[in-house]
Structure formats: C-alpha cells, structure tokens
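In the two assemblies presented below, subunit A is common to both, partnered first by subunit B and then by subunit C.
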Partner chain A sequence: MRLASAIRTRSALPLLSLALLLLLIFALQPRAMTYRGLGLLLGFSAPVVLATLAQMFVMTVGDLDLSIGPFIGLVACIVATLPAISPLLTVAALVAGVLAYMAVGALISWRRLPALFVTLGLSFVWFGIAIIVRPNPGGEAPEWVENFINLQTPVAPIQLWIVCVVGLAGYFILQHSKQGLLLRAAGGGAVALQRAGWSVPRARVLAYGLAGVLGVLAGLALVGITTSADPDIATRYTLVSIAAVVLGGGEFSGGRVSVPGSIAGAYVMALADSLLAFMNVPADWQVAAQGLILLVVLALRAFLRSAP
Partner chain B sequence: MQDWGDLREAGQHDGSLPICELRALGKRFDNVVALDSIDITLAVGERLGIVGHNGAGKSTLINVLNGSVRPSGGSIIWQGTDVTDGWTASRARREGVRCIFQELALVPNLTAIENTRLVHPSLRGFGWRRKAAELIDRKLSEIFPGNHPDLGVPIERLPIGQRQMIEVARAFTETEATARLVVLDEPTSSLSSQASELLIAFLQDNSQPRPSTVLISHKLRDILGTSDRIIVLKDGTKILDEPARLLERDRLVSAMGATTAVSQADTLVAQARTATKPAVVRDAGRSPDEIDLVAYPGEIVGFGGLAGHGQSERLVSLFAESRRRKSASSRIAAAFVAGDRQVDGVFSAWSVKRNLTASSLAGLAPRGLIRSGGERRMAEDWCGQLSIRCASIDAPILSLSGGNQQKILFARALATPASLLLMDDPTRGVDIATKQDIYRRIRRETLSGRTFIWYSTEFDELRLCDRVYIFHEGRIVGSFDSVDLTEEAVLQLAFRPRR
Partner chain C sequence: MINSATRLSSRLNSPRWLWSYIAAGAAWVAIILVGGNASEAASAALAFAAFTAIASIGQMLVMTVGGGSVDLSIPSAMTLGAVLSMKVMGGEGYLIPMGFAAAVLSGGVIGFANAMLVRWLRVPPLIATLGSSLVVLSIAIAIGHAIKGSPPAALAEAVQMKAIGFPVVSVIAAALAILVGVGLERTLLGRTLCATGQNDRAAALAGLPVWSARLAAYTLSGALAGFAGALLAAYSGGSSLDLGSGYLLLSIAVVVIGGTKAAGGEPAVAGVVGASLFMFLLVSFLNTVNTGAGVRILLTGLVIIAVVSGNAESKAR
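Here is the complex of A and B:
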C-alpha cells in the first residue's frame, strides 16, 4: 500500500522513468558511466534543465510561457555579441530582460490577459530583437563563461553541479519559502489566496521574474557550451520545457508542479536522444521516437492516477 | 427605534463598543435588490444566528461583511469607525473577519499546514511549518477532538468532511492575526453528524472569550442552540431581530414564511398523467440502495436537496443519455435550460436571435444552410410568446436584463421539439415577475405532454412539482409527492448524515 501511494506522488514516475532510461543507457554503453562519458552524455542538459525550471515557475501560477525558447536564444545572442562592445551594456541588457519578464507577469495579471497569447506574441519580439543583435550566426562566448562551463569539477561534471545547485535552490524556494507558497497558492486557488489577503499579481510577477532569471542562466550556459550563438539556437526549448514539466508530474491547472520531477523530466527529454542513438535507431526516427516516449509516460501517469 | 434596541441588547452583552455595525445597508445587482436597508449591530463576543430562505440576502450580507461585495448604500461601522469606503477583502481580513464558506477558502493544492500559513503572515522564518502545524492541530483537537485529518497532504486529497473541519479550525486560529468576527455559512453541510455535533458543542460553549460569530444554517435547532440573538431575513429585509432566548422554533418558521406568492392552489398536479403511459425517464440510480428516478409524460419532476449535491450533474448525465438515444430514434429527445447563464448558458458574442435558435438549427437548416427567414420568424415568435423585452432580436444578448436573458435560454429549449426539458435551477437570480411568467409557461407546456425535470434551490419552486427527488452527495436519498412535501422533511433528508 505504501508503495502504491509512493508511486502516485508527483515526482515518482518521472524519477523512475529517468532511472530506467539511465539503466538502459549504461547497459548499452557502460563507458557512459565514467566521468568523461557522463560529461558527453549530459552535453546540452544544463540549458534544457534551466529552461524547464523557468517554465515550471510560470506553470506554477497557472500560465504557460511560449516565449522561453526565443528568450534564451536572445540571451545567447546578447552574451555572444555585446561583451565585445561593452560589458556594462551586456549586464544592462540581461537585467532589462529579467525586468521585461516581470513586467509581462504584471501585465498578464492586471489586465487579465491570456498568458498563452501574450507569450506567443513575445516569442516573436524576442526573436526579432535577437536578429537585430546577431543578424548572422556566430559571435564569441565571453572567456569566463566558457571557462566556467568547462570547469573540471570533482565527482561529477559541472553541468550536473549546476543543475544540483539551481535545482536545490528552486526546490527550497517553491516548497519551503513563503514566496513559493504564494506562487503555488496563486496557481491552485487564486480566489482563496485573495480572500486570505495576498496579492495574486505580485505572485505572478515573482514567478515571471524567476523564469526570467533562469532563462538568462540557461542562455549563459548555452553560449558557454556552443561558444557561439544564433537567434534560432533555443527555439526548440519552448516545447521541450513544457513537455519536461508535464512529464515531471506538473499540471496545466496551476500550482501542481514538482522541482525534482521537472528536472527528471528534462533529463528524460534530453537523454532519450542518446538512448535512441545507442539503440541504433536511425537519426531520422529519433524526434518522433522521443515524442512517443513522452506519450507513453503520460499515458502511464493517467493510468496510475485513475487506478483505484 | 430598532437601532436603540440593538444597542441595548449589545450593551447588555459586553458594555463596550460593538465590533461591527451595519446601518441602512443596501445592495442591488442590476435590477435585483439583494439587501434592502438592513441594520445589524454585533457586540464583541456575541453569537448571531441568521436564518432565511434561499435568496433572502444571506450570502450578500456575508460578502459585504468580508469585503468582497461593495454595498450600494448605507454604512459599515467597524469598532466605532466608519469604514464603508475602504472595506476591501484584505482590509476585512486584517481586521480579523474570517469566513467559512463551503470549501472555497482553502487552496486545494496546498496542505492544511500551508493553508494555515497563508492566513498568518507572522509565521515566518525557519520552522514556520512546525509552528503552523501546531497551531492548526491544537485548534482541530479543541473543536473536533478525536478527529485527525492528515495535515501534510494537499487539501484536494482529503474527503470533503475533513476539508471542512480544517477550514473551520483555521478560521478560529490566532496569532498576531486575531479572529474578531467569524462567519460560518452552513458549516455543518458537509460535516458528518458526529463532527457537526462537536462543532455545535464548541459554538455553544461560551465559558471562554471567543470572537463574535455569525452562524447561518438551515438547521433551526443549531441556530437556536448556539445563538445569543437571531435575525430572520426575507427578500433582502430584516423582518425579525430578537434575543434567542425569547424565540422558539415555530416563530422562526412562521417568520421566514413562504418567499414567493405561490399559493397552494397554484401547485401543479398533472391531471393528464396516467400510469398507462410509458415513462419518459427511468433511471435506476448509481448504487443498489438508491431510489429509482422516474418521470412520466406531462409531469414536472423536481430535484431538491442542498445545492451542489449532484443535481446538476444528474441533469447533465440524463441529457447525455437522451442524446445517445436520439441517434437511434433520430429525433431530439431532450433540451437543457442552463441556470448559470454566464458559464453554460448564453453565447455572449451572439445576438438575441442566434441565442434563441441555437438548439433548433437542425430544423432551421434542412440542407446545412440556415434559412434566415425561418430563424427570424422563430425568434420573433418566441420573444412575443414569452414577452421578452429587447430592443430588437438582432440586439446583443448581453444588452438584455438577467431575467430576459434567462427567458431566452428558456425559449431556446421550448422552441425545440424536445419532449423532455431539463432545467438546471433556471430562475437563479431572476426577478419575481419573470419567475411567474416561467411557471405559467411550464404549466401550459405540461398540458401538451412535455415533461420537465427541474432542479431548483428554492423550496417554493419544488412545491410546483408533481414529485421531488432529494439529493445528498450525488445520490437520490428520498422522494416526495407534492402533497407530502414539507421543507422540514426535505431538510431532514438533505442533511442526512453519511459516513
């Protein structure tokens, strides 16, 4: 009975899926278990995980962010281009990005706009600005970013450490801080939150602000890894991040998300590629197969929920 | 005079300033008067009971008290200061007004502990979880000893009875945020009988200083047993305000009276009905011990019981079932009249005409294209028949008053050839005149053999039915023929405890 209820917690299924995925990968390719192997395996995972956490905070207040991918792309373009002109300008641009995110949250809340449409529109705005900043692919990552992402950390590769630190911080904020409580309450019961005397718009501004910060971090990590940028570099992250949060036990209805689950979900999305490659699935089939994995896990979740 | 009497009564209780005073308080919604110049004074620590039928103005009164509805007239005096203008929900909360609604006040995805934290900003820093847990746990065992709901799982995973216990206990918890006035709106409606008894005992016990309370309940016994003073509301006015010790049950009942001028002679008994005709609806119920639902042609069948106990859901499932049968017999078997206009009734962007004909499009568009002449004729015909007041049938639906919008929805269903009409509390928030129009029309339609299944939250409307089924927690727990129907009996069944 305990096992059944444990399986039904929000993050159990994504964690189990991830464990299964890792087991398969390690079975097929034992060298993936080494430090170097892990480093290669986790190649692009940090930006995906950070994008997923950004999406998760927006989903916590019951919204969806369709602009996170292009926003990360914009950050990448800024970081790969502006430091050569002026480091101060770079920092100002990134801060402005976060502030813009908070303003969007405020706008959505106070004008009661549908987040879906606002962020859909914004995705084009971010993309457009990114094209102005970086008309053609290229640029150069600032040295410190590149050095940081290539740091040889003890025990596990740096990408894992980044995820651990940011994930723990996110978990603490969401589950243990007052602000996190307000975020979850805003998503799950805005009316009740208001009746308890709190401001729902403020919670939404905070959620979008956190998403903006995480988006900036994701962009930094991405540039560090690729050492260059183009406006389209992270467009895919929008849908991947939504899929990862949902895979991680999150729900569209707001307030029902899980940090460990979302991170596991992001890894499942990121590692499915590798697994399929190890299984010699032709590259042409990999994207479709990745979608199938997502559907299978979600179907399993629906089944577990409805089971008595 | 009334004020003086109130003040004296309040003075006897405590001798200090009253905690809250409402003076000549009024509230209108469009053309419906919900509260009409009400005066209420509540002393510190006083326990006030409010009774009245549905629509008497009780919920509006609570919503004014907790700041979520602004009064249209009169003033609110809080501890001697006029606060009418700044009385918002957050101000009311800060001043210590707590409200127990039916499970609206808890955030469903948070735990009991986290929900407690939400109303106590002073539980901060490390260890707030433990402090909040102690706080709510202590109150729970004070009010509901022996009951231990799980405080660490999201509220939505708890049974409704436990949620209600947590909500009640939370309203009485105090930190720096004190509870000065606790409003309990039908707090026992979702509690088990054992928990209800415990709550009543808690409210009865006045050995310790307590916040002032306002108790609203259909159970007159509870009101009489726990109140210092009782107010009876009727059609938005206060018609009785006396110390509870001077009151008895019979006087309360007669004071509440019948809300609308529906005389017994109006009660419909479908003469045309004969048992030889086959039933239009025969629903065996969801569990073996449930009573069968049966409706014969020309009958009006009522759904009663407390609001939200599965009546609407049953109507929807009956509707869905008739749609399935329709595909077999290829004619529309049932039509639905929505009660919650804004949510599932009107197409708000459409005209009066489009709204009215929405259910009849199959007949109006024989070859897939709508015949605009037929559409127009149908709309004009029904607007005339139900005397719907609108500038033109092309006017936007939202330009109509609420009552006339409801008539449109009613006409939409009547205009179909359906023989069974399912009505989901269709007269909610509708003025008396419109109601009477609708009642008359229903009566006429039954003569031509149409059957009505009518969920109503108003007792007087149930008396118009041939037979009434009472719902409790999604099941039919009893049925009455119209002659046997008494409010008392209905309430007894509706509050039937179930564990």
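Here is the complex of A and C:
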C-alpha cells in the first residue's frame, strides 16, 4: 500500500524508469560508468533536456508548444551562420526570437486562441526563417560555444552539469518563487487566478519567455555538439519534449508538472536508443523503443491511478 | 443557445471553408499575372494536393472528435501503407487490389489501436498517437529495408493518367471527400461524431453511440492515411522510408486553414480540399516568382496563425 502511494507521487515513476534503464545499461556495458563512457552515453542529452524544460514551462500554463523543435533548429542556424557576419546581429536575432516567443504568448492569452494551432503555425515560421538564414546545411559554430560544450569538467561530463544547473534554476523558479506560483496557478485554475486579481496573460508571457530562453540555450548546446547546423536539425525535439514532460508526470491540463520528473523523462527518451544498441537490437527497431517505453509507462500510470 | 444560433447564421452568411477556395483562386490568378503556365500549375497542384487532401480528411475526422484530438500517426501509417502495398504487389499487375487492401487494412488497424490506447490508457490522443506512430514507423523501416518497392508498370501508368481532364488522383480524392462529407451529414455515426465534438457528455446522455463514432473516426483516419501512402508510392515510383514525414504538421495545417473548428464538432470537408489546393498553388506561385522554400514556409506559418486568430474573432462576436 505504502509503496503504491509513494509511486503515485508525480516524479517517482519517471525516476524509477530512468534508474531501471541506467541499471540495465550499466549491467550490459560496465564501461558506460566511467567518465568517458558517461560522456559518450549522454552525447546529445543536454539539448533534449533543455527542450523538455522549455516545453514543461509552456505546459505549466496549460498550453502545448509545437514549435520548440524548429525554434531550436533556427537558433542553431543563427549561431552557426550570423557570428561570421556580425556578433551583435547574432545577439539581436536571438533576443528577437525570445521576444517573439513572448509576443505569441501574449497573443494566445489576449485573443484566447488555441495554443496548439498557433504554435503549429509558429513552427512553420521558425522553420521558414531558418531556411532563409541557412539554405543548405553547414556553417560553423563560434569557437567559444564549441570549447564550452567540450570542456572537461570535474566529476561528471559537462552536459550533466548544464542539466543540473539549469534544472535547479528551473525548479526554484517553478516551486519557490512568486512567478512560479503564478505560472502553476494559471494552468491549474485560470478563472480563480483572474478573480483574485492576478494577470493570466502575464503568466503566459512569462512561460513563453522562459521557453524561448531555454530554447536558445538548447540551440547553443546543440550547435556546440554538432559544430554545424541545418534547419531540420532539431525538428523531432518537439514531440520528444512533449513525450518527456508527460513521462515525467506532467498533465496536459496544466498546473501540474515536475522538474525532476521531466528531466528524468527526457533522459529516458534519450537513453532508450543506447540501451537497445547495447542489447544488440537491430537499428530498425530502435525507433519503436521510445514509443513502447512511452506507452508502457503511461499504461503503468493509468494502472497505478486506478488501483485502490 | 444564442451561441449556436449566431454560429449557424455566420455559417449561412460565409461558410468558413469558402475562404480556402478564395485563397486558392487568388494564388492561381497570381500565377497567371506573373506569367506562369496556369493550366500546368493547376494540374500539378491538383495532383499533389490529392495526397494531402486524402490524408488530411482523416486528420479532420479525428480533430472533429474534439478535446484536442489530433492524429500524429498519419505519417507513419502512410509510410507503412506505402511499404506494405509495394511489398504485396511485388511488381505484379494482378496483385494491385491486394496491395491497396493491405495498405488500407494496416492503416485501419493502426487507427483502431489508437482509439483503444486513448480509451485504455486515458492519455491525450496526441501522446497515444505519438507513441503508436514511433512503433509503426519502426515496423515500416524493418519491412521497407528488405525490399526495394516499386509499383507495377500498369499501376504507375494508371495513376499518371487524366480523367475528364483532371489528374486521376485528384478525382479519387474528390470522390473520397464527397463520400466522407455525405457520411458526416447523413449517417448516424457522422452526426454522432459532430455532436461528440460539440459536447460529448450531452451526446452520450442523448443516447448516441459516442464511442463507436470515436472509434470510426480514428480507424478511418488510419485507413485513409494508409491509402494515401500507397497511392503516393504508386505515383512517385515507389515507397521510401520518409514518404510520410512531411505530412505530420501539413495535415493539421490544411484542416485548420480549411475552416474546420479547432475545438472539434464542426468539420469542413470541402475546406480540406480547398486548403490543400491553396497550399500547392501557393508553392507553384512562389516557384514562378523564384522565391525560396524559406519564404514559402514562412508564409504558410503566417497564414495558419492569421486563420486561427480570425476564427477566434468570429467566435467572440
């Protein structure tokens, strides 16, 4: 009984899934436990986790962001292309991107638009601009970005440190600040929030702004890892990030999300491929793993919830 | 209800789907104005819009269920339909019907499974169809790697033909659209589907077969996607593993631009066809004036945002 109720806390199930996944990976390939092994294992994890946190903030206010993947792709294209022309222009473009995100949040809130379809349109906008910025794959990441993401940090690889720092910051913003309370309230009970004299549009602008900032960070990390960019580079992050937040115990209705859960969910999505590779599963079937894990964890959650 | 009364009047005054045809007409006139080959552009747009329209009609049915329902498994169902049909046909003309049957059946099974997942796991349709799409894509990749599928010569020739002056694929798409449109208006399941999207509790309390309508919408969506995939493979000279990937967001975009209500309950089949045409006429217009793909995609996005904002405005009035 007590076990069942402990598992029912929001972030327990994703953390348990992640632990199980890591246990299997380490059992199959003990060298993955070394510093170098961990670095290889976590290859592209930082951008995925940052994208997931961006999605989590939008989902906190009860919306869904279908444009985060293409936005990260656009950031990567900007960072791999514009610094050669003008560093100032690069910074201006990234700031404009975050401001555009906030403007969309305001538009959705004030006109009461369905976020799913506005961000669907927005995804085309980001992708179109990315193609204009970088018509063909290539470009070059600025040296400092590349050096930073390849930094040899003590104890754990740099990507893990990035996730720790950003994750902690996200946790404090969401759970221990007045702004975070506003965000969660906007998703959980927008009407009550409004009656209490608070501003729902402000919460939404804040959520989209945070998503924009995290998207910029994810794009920087991504272009540092790949050293070049193309507009399509991060498209699949959209769906992966939604899946990761839901795996992490987040609810579509808003208000209820979990930072540790979302991070664990993102790692589960990112590591599923590695596990299957270690198990010598043919590459053809590795795509299925993410889908199956998603469905199994959700089935488990539905089962635990309906259990007395 | 005042709300439904005003909605009815606004539907009578200017059907939302009409706008997609006005936009498509404007794009066509623009092509002529800049000196493009109008009949060639129209013919090409009709052919390519056909595949989009067929897949998007299924998306429209799922979105009509309401409650934020979308089918993200359409691209995977299309790819699997393409791969399976080419495998079953194996280049033999007499197996063509079997190939299409396999594609439609596999799509139907995927759609049926999606509906069951939504019901059993009680997860949002978005997540259930995302999970199933990954599994289906894997199956398609596993099958598709082993074979180099190209259509039988007779089929490849047939889909390129014209019927009464129109590309035959566009005639097929139009026929399917009419069939679905009539089905939505005239059958119990069709009416139930619309009622479910407007208010599923009221529909259930009125004794309508709500669950059957949902199941039918998802199953049909999968089946149409499978068919569209097979047809596209036949048209483009064979199946490829990324055949469906462009249709994920495109199918939703076409439905929204076509005037189907995003919140569900009000489908617009004619709008899906019109919006598909508009999309491809816009492509050929921008190609004629030598704009890059970037500008075209950017414009598509702005159109979607404008349409969504416009729909919300008419609701507020």
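FYI, the second predicted complex is superposed on the first by the 306 of 308 C-alpha atoms of A that agree within 3 Å, B and C clash if a C-alpha of one lies under 4 Å from a C-alpha of the other, contacts with A are read in each partner's own complex, and residues count from 1 in each chain.
We take it that contacts are C-beta pairs under 8 Å (C-beta built on N, C-alpha and C of every residue); 3 or more make two chains touch, one makes a residue touch a chain.
Because the structure is a prediction, the values reported are computed rather than measured.
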{"item": "Superposition-derived comparison: subunit B or subunit C, residues of subunit A touched", "value": "C"}
{"item": "First (subunit B), second (subunit C), both or neither touched by A:255", "value": "first"}
{"item": "Touched partner set for A:196, first subunit B, second subunit C, both or neither", "value": "first"}
{"item": "Subunit B versus subunit C as contact partner of A:185, first or second or both or neither", "value": "first"}
{"item": "Touching partner for A:127 - first (subunit B), second (subunit C), both, neither", "value": "second"}
{"item": "Which of subunit B and subunit C A:246 touches, first, second, both or neither", "value": "second"}
{"item": "Touching residues (chain side subunit A, partner subunit B) in the complex", "value": "176, 178, 181-182, 184-185, 187-189, 191-198, 254-256"}
{"item": "Subunit A residues touching subunit C - in the complex, by the definition given at the top", "value": "64, 66, 107, 111-114, 116-118, 120-132, 135, 239, 242-243, 246, 252, 282, 284-288, 290-292, 294-295, 298-299, 302"}
{"item": "Contact set on subunit C toward subunit A in their complex", "value": "68, 70, 72, 117, 120-124, 126-128, 130-135, 137-139, 141-142, 145, 249, 252-253, 256, 262-263, 292-305, 308-309, 312-313, 316"}
{"item": "Touching residues on subunit B, where the partner in the complex is subunit A", "value": "66, 68, 89-90, 93-94, 99, 104-110, 114, 117-119, 124, 128-129"}
